[in-house]
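The first chain written gets the first letter, and so on, giving A, B, C and D; residue counts start at 1 in each chain.
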Amino acid sequence: MTAPEWRISEWLNSPEPLRLEAQRGRVVVACAFQMLCPGCVSHALPQMKEAHQLFAPLGVTVVGLHTVFEHHAAMTPTALKAFLHEYRIGFPVGIDTPGTGGDPMPQTMRAYGMQGTPTLLLYDRAGNLRRQVFGHVSDLRLGAEIMSLLNDTRMADGAGDDGTDGPACSVPD
Amino acid sequence: MTAPEWRISEWLNSPEPLRLEAQRGRVVVACAFQMLCPGCVSHALPQMKEAHQLFAPLGVTVVGLHTVFEHHAAMTPTALKAFLHEYRIGFPVGIDTPGTGGDPMPQTMRAYGMQGTPTLLLYDRAGNLRRQVFGHVSDLRLGAEIMSLLNDTRMADGAGDDGTDGPACSVPD
Amino acid sequence: MTAPEWRISEWLNSPEPLRLEAQRGRVVVACAFQMLCPGCVSHALPQMKEAHQLFAPLGVTVVGLHTVFEHHAAMTPTALKAFLHEYRIGFPVGIDTPGTGGDPMPQTMRAYGMQGTPTLLLYDRAGNLRRQVFGHVSDLRLGAEIMSLLNDTRMADGAGDDGTDGPACSVPD
Amino acid sequence: MTAPEWRISEWLNSPEPLRLEAQRGRVVVACAFQMLCPGCVSHALPQMKEAHQLFAPLGVTVVGLHTVFEHHAAMTPTALKAFLHEYRIGFPVGIDTPGTGGDPMPQTMRAYGMQGTPTLLLYDRAGNLRRQVFGHVSDLRLGAEIMSLLNDTRMADGAGDDGTDGPACSVPD
């Protein structure tokens, strides 16, 4: 079973909208963050910057998802653009579409049942969500998990991948 | 000669406006910052938090001055309030009054001729500006300089202090 | 061509001597260090501790090699044992055999032509040396390179691996 | 009451032995450490290096005391010399004289009743011990306490200082 499509109202640092579905065949690393979340700013986003630098040349897609679920009036698209500029964040960032019916949680965040920010999402080449982690993930573990997905070429080989067999990324918790 | 009065449009974390002039008799530590300035977030503001915790009980006034000179639409009072909440900043923060006549630099920042953020300002009990530093100041040095000003009781003793004699804070650069 | 065997005078944290040759079929991570090398203490050894914790359960062998090439009288086996105890280093550490004929450089260090400490060595399952790096390697990159070697099952599959084809670990510098 | 004299078997980084008594009139900062104590290496000694750099020009004496109470065979004078060289420690370091009658604790450490390493000792100009802290002291606090002692000129003024009145260094815990 593939993962829910991202529901993005606007993409920054990207010439055109990115669709998760269109990444099929590529490993995808996504980081759901808020620009005023201290743990995102001090840890998760610098980690994504290095991940983008190291793994984009290997064909990995690294994106941020701005999942604003609080302080909506502060974390506007305008504020986010200034933030990305000041923090030198160059990878694509999608603004999660605001919730409907008074839901403070934006739609992608709701669809994935995220508990907060930062949340790391790792997808394999077949579009399956292989990891969803709320909070801190060490660099050593993240590097291993990304490479594990990169080396999992079953789909590229045309081999059947029903998405239910053992994880490629098997670094123990 | 005393330092220019702060020109503040709104005070946060304070039941009432603070005036520099009204601090006479107290040592004052002010940090001019922007909420989207990486060096402010990673270094200067955590330093101010500890300075407030350590030195407020000794009678030191610690304040932040939100001197927005870029990305004005992003760093609004609403955004600043969210920022202070998320980063657990409890000391008073004054919003520097926007410049006039198209000046992107706010008025206090202009009056002090600041070069950027963060800028540290240290005032003695007589209201003299004793130090103005753009950029990083080590904790060891800052602790020394604050205590040096605290121990400079000339004014409190009624001794003449014309503000021109040697600095109390003499930690070499 | 396989890598030179380690030349070890004594193993610590290991019930018996470890031979590189005997690790065939396993990925091996070795860190050449000196207990009085600041970069080893602050970065490389903490990195090895986490690597051991994460990857030993996946069948990776993590070892330290104490390659003393200076201050020989200070970095004795007795001193090293105290160091390992105080820094809570639990993975096996081999003491590189001192050089002969007045060579200050120990024998394994000499055989590998190391430039200093720390030096990271990564071996694949076939015993080939796939990476030798003097200095700092980021955690993100190291995690990726270890996992890349883990996923390279050519040898385990019985496929011919002459050790000359492209690297499994292809994270760009 | 003045503090116990240091009992030092050998001074390093000093052309001649240093006596605490001979420092009368100067503020003294001493750090009792062991070269294989992780907290000393990562925090206390870098702090002393900066303290030496900042405050020596102001007339403060900064010294290390190598108080070896464990792993005696590892932390020899020879090993300490190599350590000081590798860690670029340039301030004077005294080797605490080994205990007698089988006491594992060296004599200065015993005389001060220290609980472990690192232990910070701050002395005023009159030779009184004003602070003894086992463990971590923040840079901001240490800077303040050193400057407080520097500004306490009672003794230099000839004013009576019986060592029993309130502390000059009054940064709250």
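In this text, contacts are C-beta pairs under 8 Å (C-beta built on N, C-alpha and C of every residue); 3 or more make two chains touch, one makes a residue touch a chain.
Keep in mind it's a predicted model, so treat the numbers as computed, not measured.
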For subunit B and subunit D, chains touching each: none
Taking each chain's C-alpha mean as its centre, the one farthest from subunit B: C
Type of subunit A:subunit B copy interface by residue overlap (half), same or different: same
Averaged-CA centre spacing for the pair subunit D and subunit A, given as whole angstrom: 50
Between subunit A and subunit B, centroid-to-centroid distance (C-alpha), Å: 38
Whole-Å gap separating subunit A and subunit C, where each centre is the average of the chain's CA atoms: 34
Contacts with 2+ other chains: residues of subunit B: none
Every chain pair meeting the contact rule: A-B, A-C, B-D, C-D
Footprint of subunit D on subunit C - complex, ascending: 36-38, 41-42, 70-71, 73-76, 78-83, 85-87
Interfacial residue positions of subunit D with respect to subunit B in the complex: 47, 50-51, 54-55, 57-58, 138-148, 150-152, 168, 170-172
